[in-house]
Every structure is written in structure tokens, then in C-alpha cells.
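Here it is: the structure, laid out below.
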Amino acid sequence: MAGSGKAHLRDGSLLRVEDLVVEFPAGPGRKVHAVSGISLDVVEGETLGLVGESGCGKSTTGKAIMQMPRPTSGTVAFEGEALTSLKGEALRQTRPTMQMIFQDPISSLNPRRKVGDIIGEPLRVWGRGDADEREKKVREVLEAVGIDPDAAMPRRPHQFSGGQCQRISIARALMLDPRVIICDEPVSALDVSVQAQILNLLEDMKARYGLTLIFIAHDLAVVKNVSDRVAVMYLGKVCEVGPPDTLYEEPAHHYTAALLSAIPVPDPEAERLDAGGIGGELPSPLDPPSGCRFRTRCPEAQERCAAEEPLMREVGVNHFVACHFPRIGGTAPPDASVPVTVSQH
Amino acid sequence: MDDAHEGPVLEVTDLETNFKTPAGLVRAVDGVSLSLERGKTIGIVGESGSGKSVLSRSIMGLLPSGNVVRKGSVRYQGQEIGELTPNQLRDFWGPEMAMIFQDPMTSLNPVMKIGNQITESIRYHLDQSKSESRETALALLQSVRIPEPTKRLNEYPHQLSGGMRQRVCIAVALACGPRLLIADEPTTALDVTVQSQILDLLQGQQEARFMAMILVTHDLGVVAGRTDEIAVMYAGQIVERAPTKVLFSKMKMPYTEALLKSIPKIENPSHTRLLAISGRPPSLVSPPSGCRFEPRCLYAQDRCREEMPPLMLAETPGHEYRCWFPVGTPEGKAALEKNLREKETPVGVDTSALVNG
Amino acid sequence: MAEQTHPTSTASLQTREDGGLLADAPPEVLDIQPGLADGTGPTGSVKVEKSKGKRLGVMGWLALGWMVLVLLMAVVPTLFPIPALEERSRDAIVSGNFGPQSGHWLGVDGSGYDMASKVVHGARASMTVAVGGITFALLIGGFLGLISGYFRGKVDTVIVGAFNVMLAMPALILALTLATVFATGDNVSYARRVFIVMLAIGIVSIPIIGRIARANTLAWAEREFVLASRLLGTKTPRIIWREVLPNVAPAMFSIALLGVGVAIVAEGGLALLGVGVPASITSPSWGNLIATLRSQLFLGRPWGVFAPSVAIFLTILSLNYLGDVVRARFDVRESVL
Amino acid sequence: MKMVLKRVGQLVVVLFLVTALTALLFSLLPGDLAEVSIPFGSDEQREALREDLGLKEPVFVQYGRWMGNFVQGDFGSFYRQGNVTSVVDRVKSTAPVSLQLMLYAQVLALALAIPLGILTARRAGSAVDKGTNTTAYALLALPNFVLALVLAYIVGVELEWVPPQGYVRLTQNVGDHLKTMVLPTVSLAVGQVAIYMRLLRTDLVATLQQDFILMAKSKGITERRVLWRHALRPSSLTLLTAAGLNVGTLIGGALILEIIFNLDGMGRLIFESISERQVVAIQSLVAIVAIAYVLVNFLVDLLYAVLDPRIRRG
């Protein structure tokens, strides 16, 4: 892959994802390998940034963590309790602890309901408080996200701008006092000036409500800005995990390096590091390459990359990479115990 | 058009483009002027609703007829575009000006072979035979670096990835050798690695063909290294225009500065507080009578609300801006300091973030 | 295919640049952010919202007026100044003038019975059958469509299969079969015949309304607010009831309005085939009037057919118009068949 | 190929369910079938008929026998007082009438609707557009039997241009054939024109707002070419689906019109069989109609794949 392995997982994490696999049927005998055995963890109070280009499986990962849809295999454990083994009502009971925010702020809100109803719905679903207490909580949270409750509650979502709708979505996610919020490209649909407002708001809410965040995005600069730890994904696998400052300063994976060099810098004097970019096309997730999934586009690919899947290993402080020949940290030791994954097709 | 024409390829003067809507007249483009020489690239930067896409379509003459009111002048090699009949305009499109659109997923006809989509304008404008046009199309696909071009000619758009489709769109636009290429957010819908490939390709073609190019985008990063000049648009107006390097080093317009500061930067450490611009762009139906950025501006004073600043010339040649209290000048500094002292601007934009940041 | 289209276009606003903004921009909305009480201003711009197409308009009021009139005919025919059903006009037969005349605004039929009276009294049977049948179809078809579109998978396969089987038999032939099997024979009461015709019309409308409901549910259930509701731990029936149904209902309601029109035609068709609401002097329906009086047309006495035909025409026209108003008001796309 | 196989499978299932349902429905019919079919026959005749129809056996056995015969091309018989006629023969004589009627109507409808749809979409909002739309709107509210009766009265009875009722075979006299077919065809086609035209107009207007149309325009090719080469094909898909699904409506309409205009077609035949409770015949006729319906929609799917390359693969 960009590869498997769990060397980067820590003890005492709040949320722990192991060997997560999500596959979708795609006609007779074929399936989309959207997520192929990734492992991640988040410790309390941390923001994990999940970054990658479209089709890398980052959003699918976010939804699979929420068990929506349920992963094909692998475990997701919240405080040691495996969500993946819970069913029906038992799973439903865990819902308030984890919430999600989506990319399209307009699609996220029911156009037929009033904002006050939308925000109050979580409390009604769980039968929390009486009408007065519920209204008090709705007002408190709306104010926290910077929306005037009196003006907003009787109105419907189409009367608000995209940025305001995203604030309302954040308010709804906060209503049940969740421990973890998964943000799935929350600012991709917004203009740059509004994007900064929402990013700042997320930071404020995280501090105010003691949240743990998983922040999924394709914009490396945005991810770096909000994260304490960043995981880079490529074609259903994690290639590199590390603290943002070191990972961006000294990327170990060739894919991360290529991504970083492709970002347009708003400075005409900046030297454009022409790392050659990455050529070629993203391989089909129906039939991913054997061994390391990035090898078909990697400038340093060798025979070993096709035969053997690289495992996560530490190449710097808290900095992990799944690559046989990374840019830092030296060649991976040979590991005969790793079975050769050859594509079935 | 003859090559003998002297002066800029494109001259836009006081262009206005308004849309009649049930809510009132939407002033999408309001008094824009710019000019562009052969072989040069101008970047037009703005957020959604700033009028940048309407501007580019208005220059092309590609707006729907019914509800549009257009004023001012667009001269292409000295010829006034507004005076052309629809038939004459059609002869311009392709050999003289061409356009690339934002979303390669929707800008190619899904039920037509790629080859035919490229050859149709070649055959129409350049009068080439079927086999000749096919050769030309093949060469075009090669020049935009599409692998296996012969095979691609007979494929449909859905068989290609987004990046490949945008390459095809570029090939279509270049087919008749235009002198002016308008790229309207050509990479917004693409992934970052593909984006850099497409931008490199556009730049390469622009240089090789000595075309004039307008690069429309919302991303200052996209235009920073690839343009000769940048025009920043806000609420239908150009608020600052300067040679690229000058703009970044000596920006005068508070909006440009705010835009640049609100973007997270890759070299900043994580959890750097962003300087968000509060509020959102004004209504284009009833824009503020003074400076249009005043309701969101940290430098704003009473004068800004009362009087719309004209485009003023800066000391550097070719640098214009629209501000009474420009960034980096004594007046600007005084205005900002006054607002910082009072913790808010005259309309109540909170300035404390700037102090903390 | 066409069924997958999203029901509204609001999402495109965020991604499309100015073109999209100008094509379908929302009203310049109130700004509710702190520190920006002024700016774009909450006043004035909000009111602009109701655009022309969304108001009822003159045509809409006319359509609504006609439908109210028809409902009055159906419920309290005695309100109307018309001769009794059994009353025959000797004058008309003697003079040979069957067209509109004083006392007989819509003319008389070949036997001298007043057509206005027949049309007014016929409304009850026609509307009972049409409105009742469509209501039945709306309940059953709507339920099946919602279930099918929301759960997908096997449930969907089975329900869609059932719809397709029902559609493979032309609706009129299926209705004819049902009406023949259950409502013919010597000792079948009038009420039972009306009920069976109503049911037959309802049953053949189930797959049509069901498909609309399903297609709309498919599109709406994909929306992220539905996912968000599931993630909040909302139970499925509540999600369907509170989140999906309110969005699917306008499409179902507008198709139901059209459906009532189609049902009125179907009642006429069944009457022509002899299995509609049974005809007699005292139990007219618009359909059976046309069916029984059509032979007079070929004898040069067309008013017996014309009067109920005009009533049917105006009713369907009004229903179609009101259906469109609903559609425009709730932004229902015409993508689904 | 896979698609064809899948379709054939669906066809078989649909046919089985439709005919089984019909069989079940008619088994619920009160009274003795033999009694109903030959009310004035002798007891022996009725006994023979019961034997012949297998009325003493359970429904599914009767159904199985019918199915066995049907696939061999034996559609059963009509049982009437004193005579037995083969359903196959009646189908052979009546099917052409109905097919002609539906074909003429469909061709006429499309021939009018496509140009009108294009015209109104191109000039969306113009007086022509509004006028055409209003007319179409009114025509949608006109049931085909009302139109048929009005036309028969005005054109047939008052003006005497064409016979108001009756049918002449194409092989007998082409002119007379067309004269007898013109009123039913127009009555059946008018509503369809309105539906098709509005569908095509809506789709075309939507397509003309797509990015790829803007792109095509920016190439500087003629407006004509943009309309015909770029816009029409992607816009015709809904129309095509509608035309396929509409076959059901068309069959129902043809049935009514055959009765009003006294044409001896399949619709009349079905009507007679149902009112005379000719169970075997009904099952065969319903099966034939269902086959036709499913086949037409299969053809529509094939055409769909021709028009839209995105559907072609896999």
C-alpha cells in the first residue's frame, strides 16, 4: 500500500480505528475498494487531520467511523467499546457521543423545517429537558456559533448564506454535547473569507466544549492550520502520519512531497519547487495496484514496491510512513512476514 | 483581424453588465476597465459573486440575450465587440477568442465523441477536410499531453478523468489558434496535483503561442506565479489592479490584504489564528453607496461610507486601487490605529482580533 | 436515469460561480452575524422573495373557484337553481331546440332532460370516484414509494417489481377487469358499484403515484440532512415522517391533483365500456352521461354530450393548473415520470 | 448481451405474474362460467365446456394448462352459444387495426411534438412559445373520448367529410382506409402531442443552460448546429422514456376509440372477452398486450443506450 500497519497507534486513545475496510459492490464480481485496511487513532482533545485528493477514501473513512455505512471489516472502538460490534438500539445509544458536519451546508439542513426546529430536534429525539430547557439550550448554542437566535429560529435554511448554514449545522452537531465531531470537508464549499470564519469558529468550539475533532479535507494548508496530527491518504490507504509542522517541513512519503509541491503559493517571489509533480492517472479503485498503491506514479518505485506492501514505521518523532524507500529515515528493513498482496485481477 | 493592429489585443473601458431579475437590477459588473497585450496574462481574482465570471463572459459576448443590460466598450484589436452581429461574433469565437470553463465534468458534451468535439470548430472555421481536421485534433491532443491520443479521439468524455477532460477542453479552445484565451476558474474543480499540471500546461501553451490570456480564479495562489498583472474584484468593481509582483509587495487595498490574510498558509505553524473577514459581500441589487468593502473593512472611516473612492493611481506605474485610506500609507495607518483604539470601525466591525493576532 | 435527478437546485449555488448566482440566487438574505447589524441590511430585501410564478394569479383563482364550485355541486347540489332530475322539457322536444335556452342553461338532452341539472348532480359520483380513488392510491402508493425509496435494497426490488407488473397491464384494461370481476352481476348494489369503480381507479393509480414518491424519496434521502438525522440517533419512522415526507409530499400532492383529472377521464372510459357508475335518470355521473347520450350525437342532438364534456374539461384544466402551482411553489422538478 | 438476457428474464417473470394474477382474479368471479358463457345451452353442452375448460380442476392446474398451450401458440378459444372460434384467428384479424391506430397516432404525435418542442424551447418566453404552451395545456385537459365525440360530430356528422364510424382495410382501398382512420388517429394523438412537446421543451430548456452548450457556443459554430448536434440528443432521453411508458395509455385510449368509432380492433376484442368472461381468451390477450408493452420498453432501453454512450458499457 501506501500501506498498512499499526505502528502509529497509541495507547489510551479516545477513538481507535483498526484495519478498517470499506468496499462497495460495483456490478457482478466487481467491487470498489474505497478504504482498504486503514488504522487511525485520536486522543482526547486532539484534532486529527485526514487529507488526500478526491477518491482517496477520506470521506468514506469518516462515514464508516460513524457506522454509516457499516464498514466491510475492521473495528472502530470508542473508549475501548467496539462500535463495529454494536447493533440496533445499542448502536443508537452511542450516537450522541459522536457527531458529524458535512461539506454542503445547504444539503445538510432540511429546507422544510425552521432553524429552531432543526437545532432543537436532537433534544426532542433523546427526550432531554422540557420545552423551556430545550429552548434555552438552543439559544445558548446558536449564540455560541455566532447566530442571533431571535432572528434565526423562526426562519428556514434557504434564508441564510452558505457560511451561516454551516454555523447552524455546527450548532446542531453540538446540541447533544458530543465528545467527537467528524468534520467532512466543512469549508470546501465556502468562499475564502467565510472559510476563515468557520475555521476560527471550529477552533473556538473545540476549546469551549472540549471537543475531539477529525477534520477531513483536501486542502493541505487548511488541514495543517487546524490539526494536531495529520494522516495523508492515497487510494484507500494511509501513507503517512505525523505532527503537522514536521510532516509539512519534511515529508517522508513521496506522495506527500508531491502534494505539497503542487500547492499554489500566494507569493510571486516564491520559488516554485518543481518536484516534477506526479504524472499518470489515479489507478482505478476497482483494481488497485499490488504492493504499494502509489508505486504506479512514484518517482522512486522499485521492484520491491510491487511485490511487498510497505508497513507503517517510525521515521521521526511521532512521524510514521508506509514506504519502503522514504525520503527520510532510510530504507525499510526486509520483512518476510508480510504476505505479498497480489491483485486478484 | 489583421496582425498589423498596434496596441493591446483587448481594451475594456467602463464595462457594465447588469441582469434584470425579479428582485431588481443586479449590477454584476460595474464600470470595469482593463487592457491586455499579446503574450501577457492577466489574473482576475475575486470571491463568488464578485462578478469575475460575468466579466469574462461579457468580454466574450457570451451572455444570454434576454435579461442582460450591457454598457461600456470592449475592443478586440480595435474592433468594438458590442457592434458585431451574432454571425460576425461567431467568426470571432474560436480563431480569435476562446474560453475554458470551470467544470470539465459538465463542459464537454456527454453524448459526443471527443474527436468530433475538437474537429467541429476546426472544420467550421478553418475549412479543413475531415481527415485533415482529424490530424489537427490528434496534434492538439498530443500538445496538451494526453496519452494515447488516437484512441481518445473515439472515446466519450465519461471515459476520461477530470484532469484529462480539462486537457481536452484546452485542446478544444486552442483548436483554431485563438489570440485571446479566457480561462474561467480552469482548476477549481480539480485536485491540487492535477491543478498544477493544468496550470503549467496553460502557461506553456500561452507562451508557445504568444497568446493573451485572462486567468479568472478565486485563489490568489493560482495567479501569484503565473500572471503578469492581477485585477482584484469585489462586488462588481475592480478594487485594485497592479503588476503581479507589485500587488503582492505593495498592496494598497484593505480588501486585498484581508483576502491574503484570511487564507491559511502552508508555511505557518498549525493553529495560527486566521484573520477572517467578517460578514459577507454586499447585495449587488442595492450596493452601498460609498466604498463597497466599507461594511467589512478594518480601515473604514466615515468618509468611506459617504463617498465611493475612485480608482486612484499609486506611485508604481500600472498600479491602481480604490481606497481613501490605503494600506501602507500614513492615512491608512492612522485610520487603522484609530479603529484599533476604539475596538471597532464606525459600522461596528470588531477589530480586536487584529490586536490579539 | 431521469429518476435520479435531484429535486432542487439550491446546492449548485455554492459551487457555481456567478452564472449560478444570477440564475437562481436566493433573495439577498438577512444578515444575522454579530457585529454586522448594518451592512447588507435585513430590511427591504427580504420581502422581494415572492416572485411572480409563486403567487396564485388570476388563472389560479379561477381554477380554485371552479374546483370549489364542483365540490359544492358534489356535496350540496340543492344549492343550485336547477330543475329536478326527473323533469322533462316538452317545449324543447316539440320545438326541436335542444341547445341552451331560458331555464336550461346547458341545453337539454334528446329526451328533454335538463343538462345543467344532470351535470350538477353528476359531480357527486364523478368526484367521489376520482377523489376517493386517488386518495386511496396516494395512501398506499405513497407509503410503498417512501418505503421503497428510503430502504432501497430488497424491499425496493420487490416493490418496484410489483409496480412494473401492474404497469405491464394497461391501466384501463386492469380497471376494466377489476370492475368486471367485482362489480357486475344482477344483485350488485349502486353503492358497491361506485365503490368498486373507485377502488379500480385507485389500484391502477398506485404504481404511478408510487413511482413518483419513490423517485423523490431516493433523491431526498441522499441529502445530508437525512444522514445527519440518522447520526443523531433519530429512529427511522421519525426520519421518514419528519425529514423525508415533508419534502416528498409536494411532488406527491401535485401528481395527485393531476391524478384526480386522470381519474375523472378513467371514470368516463369505464362508463363507455359499460362498467362505470351505473347509469339511470336519477344517478348521473359525468362519464355515464357521455356514455349513454353519445348515440344522440349521431342523431344531431349533441348537447347531452357537450355539457358533461365541458364540465370534465374545465375540471381537468383547473386541476392541472393547481398541480402546477403546487409544483412551482415547492420547486418540484418535472424530471420524474 | 447481458442486458438482453436480463430483460428476457424480466419479461418471463412479468408475464407469469400478470397472467397468474388475471387467472386468480377471474377465479373469484361469482357464478358458474359455463352458465355465463352459454346461458341457453343444454346441460350436456355446459358439461362439455366445463370439461374443456377444466373448470372442475383447481385454478393452478387450469392456469398451467393455459400456459402450456400459450407458449405453443395456442391462445385458446371463444366459447359462445353453439360455436367455438379460435382466439388466434380473431387476434390475426383485429391486431392490425389496433397496431395501425397506435402507430399512426404515435408517428403523428412525435412528428408534431418534436418540431414544436424545439421551436418553443429556442424561443422560450416568446409569444409563439406562450401560445403553443397554452394550446398544449388546453389539449391536455381534453379526454380523448370527448375529442373523439366532438370530432365525430363536427367532421363526420355536420361536415360529412369522413364517415363518423367504421373501418376500411388498408388493402381494400388506401384512400378510404385513411379516411376512416383520420378521426381516431387525431383523437388519440392530440393528448400525446401535448405531453411530448412539453417534455421535450422542458428538457431542451434545461440542456440549453448546461456548460457544454456554452462551450459549444464559444467555439463559434452555428446556432443550428448547437441546437441539433449538441442539445437535441441529450434532451431526447426523457421523451423516449415517456414514449415507452405511454404505450399503456395508448392501448387504453385505442380501446375506447375502437368502441366509439366502431373499429374491430384488439381493444374491442379484449372488451368483448371480459364482458363475456372468456377466461382463457382474456388470459391470452392480456399476455399478448403485456408482451408488447415489455418489448416496446425493451426497445426503448436499447435506443437509450444508442443515444447515451454513458449507459453503453457494462
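Things to note:
As written, the chain order gives the labels A, B, C and D, with residue 1 at the start of each chain.
Note that in this section a contact is a pair of C-beta atoms (placed from the backbone, for glycine too) under 8 Å apart; a residue touches a chain by one contact, two chains touch by 3 or more.
Note that the structure is a prediction, hence the values are computed from the model and not measured.
Following the contact convention of this document, B, C is the list of chains adjacent to both subunit A and subunit D. Among the other chains, the CA centroid farthest from that of subunit A is the one of D. Here C is the chain whose Cα centre lies closest to the centre of all protein Cα atoms.
Centroids built from CA atoms put subunit B at 32 Å from subunit A. Averaging Cα coordinates per chain places subunit B and subunit D 55 Å apart.
Between the CA-based centres of subunit A and subunit C the separation comes to 47 Å, rounded to the whole angstrom. Note on chain placement: the centre of subunit C and the centre of subunit D lie 23 Å apart, centres being C-alpha means.
Multi-chain contact residues of subunit B, defined as those touching 2 or more other chains: 48, 102, 278, 280.
Across the assembly, subunit A contributes residues 161 that each touch 2 or more other chains. Within the complex formed with subunit D, the subunit B residues making contact are 60, 62, 66, 86, 89-95, 98-99, 101-103, 106-112, 120-121, 124-125, 156, 158, 169, 172-173, 175-176. Of all residues in subunit D, those touching subunit B in their complex are 125, 210-212, 214-223, 225, 229-230, 233-234, 307-310.
Contact residues on subunit B toward subunit A in their complex (touch as defined above): 47-48, 161, 163-164, 191-193, 195-197, 199-200, 218-222, 224-225, 244-245, 248-249, 258-260, 262-266, 268-278, 280.
Looking at the complex, you find that subunit A touches subunit B at residues 53-54, 161, 163, 191-197, 199-200, 203, 218-222, 224-228, 244-245, 248, 258-270, 272, 277-278, 281-282. By the touch criterion given at the top, residues 63, 66, 68, 92-93, 95-96, 98-100, 102-113, 118, 121-122, 125-126, 146-148, 151-152, 155, 158-162, 164, 169, 172-173, 176, 189-190 of subunit A touch subunit C in their complex.
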